[in-house]
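Sharing a structure here in structure tokens format.
Naming follows writing order (A, B, C and D), and every chain is counted from residue 1.
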Amino acid sequence: MIESSPLLAIAIPLVGGALIVVTGARRNLREAVTLVTAGCLLAAVAALVPAALKGPSPTIEVLHVLPEIPLAFHVEPLGMIYALIASGLWILNSIYSIGYMRGNRESHQTRFYLCFALSIASVMGIAFSANMLTLFICYETLSLVTYPLVTHKAPKPAAVRAGRTYLGILVSASVLLMLPAMVGTWMYTGSLDFVHGGVFGEALADGSVPPWLFGFIFFLFMYGIAKAALMPFHRWLPAAMVAPTPVSALLHAVAVVKAGVFSVCKISTYLIGVDKLAEFGQGGWLLYAAGISVVAASFIALFQDNLKRRLAYSTVSQLSYITMGAAMLNPLGMMAAAMHIAAHAFGKITLFFAAGSIYTAAHKTKVSELDGIGRRMPFTMGAFTIGCLSMIGLPPTAGFISKWMLLGAAWTTEQYFAVGVLIVSTLLNAAYFLPIIHRAFFRAPPPPSAASDESSTAAGVPHGEAPWPIVVAVTGTAACAATVFFYPSVFADLAFALMRGMPT
Amino acid sequence: MEGLGLFNYWIAVAIMMVGFYGVIAKRNLVKQAISLGLFQTGVFLFYITMSVYRAPDGTPGRAPVWEAILDGFTKDPGPYDNPLPHVLMLTAIVVGVSTLSVALAIIMNIKRLYGTVEADEISEIEEAIEHREEMMSR
Amino acid sequence: MDALTPHLPVLLVLTPLFGGLLAALMPRRGPAPWIWSALVTGFEVLLGLSMVKLVRQSPQETITYFIGWWPAEYGIAYEIDALNAYVILVVALLAFVSTIYAKSSVEDEIPKDRHNFFYSIWLLAISGMVGICATADTFNIYVLLEISSLTVYTLIAMGKYRDRRALTASLKYLILGSIGATFILLGIGYLLMLTGTLNMADMHEQLMLMKAEGDLAGNRTILVGFTFITVGLGLKMAMWPLHLWLPNAYTFAPSAVSALVASTATKVGVYMAFRFIFTLFGSVYDSSATLALMAFCGTLGIIVSSIRAAQATNVKKILAYSSVGQLGYIVVGFSMANESGVAASVIHILNHAVTKGAMFMACGAVVLRMGNADLKSFYGLGRRMPATMAAFTIGGLGLIGMPLTSGFISKFYLISGALHDGKWWLAMVVLAGSLISIIYVWRVLEVIYFKKPEKRAPVEEAPFTMLIAMWILASASVILGVDAELTGRLAEFAARVLIGGAT
Amino acid sequence: MSKRHPVTGAFQAPRLIEHQSVLRVSCKLLVPFIIMFAVYVITHGELGPGGGFQGGVIMAAAFIFYGLVFGASRLVDRIPSRITDFLMAAGVLLYAGVGLHNLLAGSNFLDYSALNPAHPSEGEALGMTLVEYGVGITVTSVFITIYVTITEPRFMRSKRENVKVTD
């Protein structure tokens, strides 16, 4: 039973998607299906945790996509963290979606829920992939099934254009960089399996792969994974913000971008082998690339007035933390990166939920319009504050733990550039998040008459909290962010398990 | 002298090239089709001259079939030409005729629907159509 | 059936030949010719399957059939090995599916009393294409090539009932195709002169003997023969820049003909190139320079014609230009002359046939319902003809080379082939080509799903026979992409057979 | 000048020909002999120069001669297109059918000796003759069709050819 579970985790959302299509006409039933599917998925994923703590499980081969490379899945700690987050947050996100989609009277809701279920299925596939080909296939599938979500407001030119940017960058990078890297790995080593220490050991030892080629393949992988939003391949992320907020929240703060950084970590750990990189003096540049990406994205975020765009740039910078963790090329850094995958997920989804909540209740999208909104939407803005704290890395939130681990890893391995980046970016994070909180709670709301002539959406008309499902979801994720601070054991154990397995 | 000894090939090539030139340079579709036929005929000639055999003593070869059969295959028919290329060309001629007739059939249809068999006039008409289509799809 | 088993190689060719002749005798009106053709091509698929089964029983051997018991040196021999069994099966399958598809499209585009004539020519074309794959006699290849070409010219010219430009397109194809065929004939003549035989294997042996005796050094006859054959084949398989006949021919042909021809005709040309370059000239003649030139033409073809496809406004034309580009992949694949490169080529023959067939079929359904295949006709069809457009989308994804579609498998092999020789630039060009293909496919997909239709008038979904056919191909594309175990192994084996002669 | 056929709309030969008795009589006299010669050439093709192609063309020449003298429309009246269409396919069918018969009789395709297992060489002779006739029939009907198609302004298809002219 346990053996078949990764397949179960992929099958559940697929079955759910089919049921969503069947029940599409009756929306209560359809949304109940979504919630039940999400619940089942979390249970199925949670049942895998004990297996994951023991390290990579035996591989399950499904199909032979290519004669010698099967579509295969296994359970290992890093993927477990990712799967756990995605499946757990899917429940909250579904609750939130119900409130948001109904509250804003969005069209094509069945398509929305279907694509969501399919995206989660691809995410599960990525999380449990046992070789590079499986990861690549699921990665591309994820790009494709999220495309209809990004272009949800399709006939609008803005949505179509955003869809082009989104798909264009993601697919171009993966096809032009990641695919040759993958095929190259296959050609030179004869294996694409994810194993501890990577597959390059032999080829490097007998000299059939020169170190520069090894480094080049690593380079192709790192930039090929555009979902990790390493600058300059980050443009798709702000573009994707035209999608409805639940999409931005779960996919572009959690599932899709985490697919990117997860792939970065997984490939560095299991396919390339960070110890090999360190041994052959390759890949050191990644630390600097990621560090620059962190600071630059934070800096850009400072000047964004659109709340979702500011959050998007914040995501770019936070993702590069994770890449930076991987780029430290040692187990401690990788562990911190794994931890930050979890920590950032809870924080960022809370922020996006809050942004959507504000949009639903008050129809406001800009930071400058948020004066005094905290008094009308105390729950939302309270949750928002917790999310901000987590982003900045202050206790009592999950962000503190992971940032602490990152800093610790940087200190112990004497990578002072990383230390500097962490400090500067923390200051920048504070600089772009705290003013929002300040506005929301400590400034007086604008007088009702002043704004009414500006916008047709009754900006100044008194409004209260968002619909209850939204509030439930947003407080729920905020609570998660805080809980992980007090009880980090699940994620920390998995991260430790990951570190233990790595050769030093 | 050696080049002259191959004069049959020179002629085959010359006929081919005349045809090829016609296909490329002529703007009348019927002339193009005829040139195509000429081009193929050059190849037929090439095959047929290839089959010619001359014995070391200078006796020219000949068609072996008739007399050998009359003799009941009893005595050596003497030097004879290679019959294989002849057989091949019999087929190839049929193919050539078919090609020509298909070409002419198409050209007749073109004449009916375009009112001309001059390639330049046809391409003018087609450019006009394409231009209109592009205007419509803008 | 058992009694006929030894005759399979020739039956493959005879079935559509007789079928076509009998179709001409059928009543002019009514569905009889169509039903007959579907039966004949269905039977052809069965024959192809049993042929493949026969080959798989003894994969090392070649099944040889002597017509009229004449030995191979004098008569015509048909030889079937793993490679041509595979290509024959591809042609037979595509022919069957296109025949099913043809019903509604032919009813719409061809005058009522010409149906028997149409299906007669149609079956003869299939017969010619299968024959090219089955025969081992070079001159027979020429004859069958002309049979298939002449019938295809006629089929394309029948597009005149919809658009008169079909006639000029067909004539252009006829002229260039005949020049190509004549070049091939000329090349065969040179080889006949040199070896005195027409059988491919025999020719190869004679050439090897001559090489061993040192007669081939500086021999210009073989050089000229090889050149003529290569140029002729390039014309026949529409290798860039010899592809000029292709775009208009595919655009203005009747829809069913576009589907059939696009998925089989050029593939047969590629098969001939395999035979000539690898089986006949392999290890006799150092063709590396030619192959390098072909790689160059192939890469340029991929880029240039993909760009042309991105500029076209007629969807059929987009697909036609994309066919030239996809052919570039096949050419690039075998020009590497290593195992995974040739395997990529072989595999892409099937994969491209399936995807492009599905797309042309979807396009034909649009022509049936909207009257033409302009980009404008596709506005908002995603809601009005969902099943057709879904098939088109799957085909498009396959063309791009998305994972889980057949295109990805070919691309994987192709890149492995390029990296095998350390040709990173070639891999990059191939990938850049597929990026451009994203542009032209996405242009159509955006129009299908995001644009508002111009006219409010309701549009019916495509007829059932069309849907079945295009969905067979679309799902085949997915199945081949999900599980390439069988095709991959077959292609690797075929590649080994081909390359084996060259090493 | 020339008149159109009342039913088919085809151009008819000028009435003048009715008075050209020499032409008409000699044509009527010659045609059977030409056909006989054609049959001879076809039959003889097995052993000597001649055969289906040549004989077929000669045979067609007989009909074309008739058409030249009496007008193609009259030729079409005598030999309607459905007959030539049928013969075109039937000739090839005869040719290929002989081969198929051998295949079904247990020998290889086109192995004519199977036609007469007791005397293989006679079987071959019979096979070749049949093949020649098949070819001859096809060639005849093809040439008649080509002649009729080129001379007549496509009267046979005047109704169904409602081609959309795209401009």
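By definition in this document, a contact is a pair of C-beta atoms (placed from the backbone, for glycine too) under 8 Å apart; a residue touches a chain by one contact, two chains touch by 3 or more.
Nothing here was measured: the structure is a model prediction, and the numbers come from that model.
Peer 1: Identify the chain pair with more contacting C-beta pairs: C-D or B-C.
Peer 2: B-C
Peer 1: With chain centres defined as C-alpha means, what is the inter-centre distance between chain C and chain D in Å?
Peer 2: Chain centroid spacing, chain C to chain D, equals 35 Å.
Peer 1: Would you mind pulling out the distance in Å between where the CA atoms of chain B average out and where those of chain C do?
Peer 2: Their C-alpha centroids are separated by 27 Å.
Peer 1: Quick one: chain B and chain D, Cα centre-to-centre, how many Å?
Peer 2: Centres of chain B and chain D (C-alpha means) sit 24 Å apart.
Peer 1: So, what's the distance in Å between the C-alpha centres of chain D and chain A?
Peer 2: Once rounded, the distance between the two centres reads 78 Å.
Peer 1: Which residues of chain C are in contact with two or more other chains?
Peer 2: Counting only residues that touch two or more other chains, chain C contributes 160, 164-165.
Peer 1: Which chain B residues sit where two or more other chains touch them?
Peer 2: If we look for residues of chain B contacting two or more partner chains, we find 105, 113, 129.
Peer 1: Using the touch definition from the top, which residues of chain D touch two or more other chains?
Peer 2: 163, 165-166
Peer 1: Strictly by the criterion at the top, what is the full list of touching chain pairs?
Peer 2: All chain pairs meeting the touch criterion are A-C, B-C, B-D, C-D.
Peer 1: Residues of chain C touching chain A in their complex?
Peer 2: Where chain C meets chain A, its residues are 397, 400-404, 409, 411-412, 415-416, 419-420, 424, 427-428, 431-432, 434-435, 438, 442, 446, 449-452, 481-485, 488-489, 492.
Peer 1: Under the definition above, what is the set of chain A residues touching chain C in their complex?
Peer 2: Those in contact with chain C are residues 63-67, 71, 136-137, 140-141, 144, 151, 154-155, 160, 163-164, 167-168, 171-172, 175-176, 179-180, 183-184, 186-188.
Peer 1: Any idea which chain C residues touch chain B in the complex?
Peer 2: These residues of chain C touch chain B: 139, 142-143, 146, 150, 153-154, 157, 160, 164-165, 167-168, 170-171, 174-175, 178-179, 182, 185-186, 189, 192-193, 198, 313-314, 374-376.
Peer 1: Inside the complex, what are the residues of chain D that reach chain B?
Peer 2: Contact set of chain D toward chain B: 47-49, 53, 146, 149-150, 154, 163, 165-167.
Peer 1: Provide the residue numbers of chain B that touch chain C in the complex, in ascending order.
Peer 2: Touching chain C from chain B are residues 16, 20, 23, 29, 32-33, 36, 39-40, 43, 46-47, 50, 84-85, 88, 91-92, 95, 98-99, 102-103, 105-107, 109-110, 113-114, 122, 126, 129, 133-134, 136-137.
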